[in-house]
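Beneath this line is the structure, given in structure tokens, with notes to follow.
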Amino acid sequence: MNKEEIELLKKEVFEANLLLHNYKLAIHTWGNVSGITKDRKYMVIKPSGVSYETMTYKDMVVVDLDNNIIDSKNNPSTDTPTHTLIYKNNPKIKGIVHTHSPYAVAWAQAGKNIPLFGTTHADNFYGPVPCTRELSDEEINGEYEHNTGLVILEHFIKNKIDFSAMPAVLVKEHGPFTWSDKSSKSAVDLALTLEEVAKMAFFTQIINPKKISANKTLQEKHYSRKHGVNSYYGQSNKK
Amino acid sequence: MNKEEIELLKKEVFEANLLLHNYKLAIHTWGNVSGITKDRKYMVIKPSGVSYETMTYKDMVVVDLDNNIIDSKNNPSTDTPTHTLIYKNNPKIKGIVHTHSPYAVAWAQAGKNIPLFGTTHADNFYGPVPCTRELSDEEINGEYEHNTGLVILEHFIKNKIDFSAMPAVLVKEHGPFTWSDKSSKSAVDLALTLEEVAKMAFFTQIINPKKISANKTLQEKHYSRKHGVNSYYGQSNKK
Amino acid sequence: MNKEEIELLKKEVFEANLLLHNYKLAIHTWGNVSGITKDRKYMVIKPSGVSYETMTYKDMVVVDLDNNIIDSKNNPSTDTPTHTLIYKNNPKIKGIVHTHSPYAVAWAQAGKNIPLFGTTHADNFYGPVPCTRELSDEEINGEYEHNTGLVILEHFIKNKIDFSAMPAVLVKEHGPFTWSDKSSKSAVDLALTLEEVAKMAFFTQIINPKKISANKTLQEKHYSRKHGVNSYYGQSNKK
Amino acid sequence: MNKEEIELLKKEVFEANLLLHNYKLAIHTWGNVSGITKDRKYMVIKPSGVSYETMTYKDMVVVDLDNNIIDSKNNPSTDTPTHTLIYKNNPKIKGIVHTHSPYAVAWAQAGKNIPLFGTTHADNFYGPVPCTRELSDEEINGEYEHNTGLVILEHFIKNKIDFSAMPAVLVKEHGPFTWSDKSSKSAVDLALTLEEVAKMAFFTQIINPKKISANKTLQEKHYSRKHGVNSYYGQSNKK
């Protein structure tokens, strides 16, 4: 374990958790953000039930990917086993976020995918944002948070959804998770994007209840403007 | 009467009232927060109709549980008899809050329980948040605020609802009350939680009008993650 | 004309206009607040189309009740003739406010009274907040702003509504006006209350489309708690 | 090319972009504002994908009206060809804005014009705010951003809509553009006005689903109060 890397990761994850609060995606002690070391052996995550106001970067908890606490005086977020399972199965993911942001939660509680209604959505998520199935009683009464991760993986595998192209999921009757191949900060940015997209879809469905989906070609165009080899949004493609 | 305890309680209740305003759960002079002494003989509450901007902790009013003013130049909140009756009948409650937060008020005005649609709700309230019956004309024209308390008690007793497991109620055509076994500050935190849950339920019902309730096993799981002997959320259960 | 009184009134009206902006009831240069001198000969009002950011108290415009500019380098608010007509016909009113706050405007655009659904409304407005009839083409093409005032008066007289008990109106397809027998500041406070009440009614109607009105006895009770000889809310009735 | 003018325009366009962010019309790097030189040869626009927090006025990109980068280390906004086409075809327009503000986007995603329901709308936009047709697959896969501009022009020409009287459009399944004959700052102010009007129309339609439109005479009156030779709103018409 590289102590310097851990120290830096704790600071990064701490800042990302504060950003979650500043974006108003979490009240009280709700929500959590994690990051992972380069060797993908250790995850840093928010401690459970600690207030954003009093928390310092030193309160961040280090666990291994089997959910053992490696370095902390605190309990990690109860959602830790959901995070570790997603990291284990997705070697590219560098940050994961869970929030209770109200519009995204509402779609999750309603048990509905967020329909792709326009370019704001298409710029960021490839297709409707999926909502998982309900967990069974056995899954809930067993290793609940681990099983939540399993249900997410099951949904993506079964429906052939790519975690990089769809960096978000709604867990039914629970709420959203987002992730990023870049950083924990970037996963928080996606959590805000998801809430904005969930809000717009909510309004759209009320204005036009018959609306099913935006034009498929428009979806492809907008997603590929921002992602992949032919992307031309931003500065990284500067000739 | 322990003067030092009263002084500290006035400060605590004052801060909790300010928090109500900072959480944007009350505009103008609306809403009120109270706390109680350890011997449960005296209650400290916001003065009636005093602005949050000009109020100091010395403006807080001390009453006994029969609603007699013990120490103050001010009238106490008009809702005082509702607060005292709840304290009298619930020896564990340490703080009570009344707000006019808009989503919770809307459910109260609609005369509907807030359905339990997901884990955000289940984490904090055990079952749907109940809405009382209307007061009769006699109850309104009699000791109105005392009778408001009686109607709350009646609802909880008749429906076998536990005040600790359900720290919130909607008074029909009026608005929400929340309480806490911990402190007045904690009761204000619950008032914010209630507003967030009321908002999410409002959105959920619009997205999926057929949705009745979340999975019962999920409710039990999430409530017990945060409450009771087997709770494992937060830091107090640290081994 | 008492120059000192005018100077003080300009400052009061200026502060009340800023409050309108701080309460987020008006964006850009929208909305206006006025006050009146004790002899009820002069009205002070916001200048037309001047930004809240750059405005000073010296920009306030003095007019007489026939809408002649008495003292100003600026044009008064275009709504000036609506204000003066309300003052002329209501010798008790001390401040008037016009806003474009979105929920109140929505009820006005829908051409509907705001139903009295609960105590938040009943505490402040005696009965549903009325929406006027449409102006005729002749009224619009004639002295439009004066005729807007006439339509308000007509509605209150025809329906026997008291301006003190109902300090608000929605002008159809336009927006809200509020007023106060106390001050221009108090009229702005009522404009915020109206927006809050309009929002709650909007939510209530969505949750329960069959809801018509709150209990009449409850209305009477809450209005009389705050208004009239038997009021017992606040501090002014302190024995 | 007048270097001093360009320098001033960069500062103006930079400030207008910040205002977009301060008005909360754009999160992350979303949205863009442009301005044009007096000779109408050069456009200054926000760089693509650069954060509002770190951006300085020197990051603004200068292009000619054929979308060639004239002076910048950055890529211009991907929407550049939409802006330049609108400038080319409208010699009076001095500033253009594109946002993803949620209520305006919702109407665009729903594929509906924003109905003119009242005076807030009529004060600023002459008639319903139009929503364009969908782009064809060929238009999307071809010069997409240029074609977006063409579809806007087509809609205005076909429906005989004047760009000065209707300084806004919704591009179907995408979002709003606004513009101004005064400045880029003024175009941002209109983007906020549009969002407010879109929100009010959304609420209005829910309260009264049968509402089609406000009175036509009222529309004319309010638009002409603020625009044209007989306008009497504001200070510029001061005698």
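Order as written gives the chain letters A, B, C and D; numbering starts at 1 within each chain.
As a working rule, a residue touches a chain if its C-beta (ideal position, glycine included) is under 8 Å from a C-beta of that chain, and two chains touch if they have at least 3 such contacts.
In UniProt terms the chains read A, B, C, D = L-ribulose-5-phosphate 4-epimerase.
Since we're looking at a predicted model, the values are computed, not measured.
Asker: Tell me which chain's centre, taken as the mean of its C-alpha atoms, is farthest from subunit A.
Answerer: That would be chain C.
Asker: Need the CA-centroid distance for the pair subunit A / subunit C, whole Å please.
Answerer: Chain centres of subunit A and subunit C, defined by C-alpha means, are spaced 46 Å apart.
Asker: Per the centroid of Cα atoms for each chain, what is the distance between subunit A and subunit B, given in Å?
Answerer: Measuring from centre to centre gives 33 Å for this pair.
Asker: Note the residues in subunit B that touch 2 or more other chains, in rising order.
Answerer: 206
Asker: May I ask you to sort the chain touch graph into line, ring, star, complete or other?
Answerer: Drawn as a graph, the chains make one closed cycle, so a ring.
Asker: Which chains touch which?
Answerer: Those chain pairs which touch are A-B, A-D, B-C, C-D.
Asker: Would you tell me which residues of subunit C are touching subunit D in their complex?
Answerer: Those in contact with subunit D are residues 27-30, 47-50, 74-75, 78, 100, 102-103, 105-112, 134-135, 137, 140-141, 144, 173-175, 202, 205-206.
Asker: Can you name the residues of subunit C that touch subunit B in the complex?
Answerer: It comes out as residues 117-120, 189, 192-193, 196, 199-201, 203-204, 206-208, 211, 214-215, 217-218, 221, 225, 232-235, 237-238.
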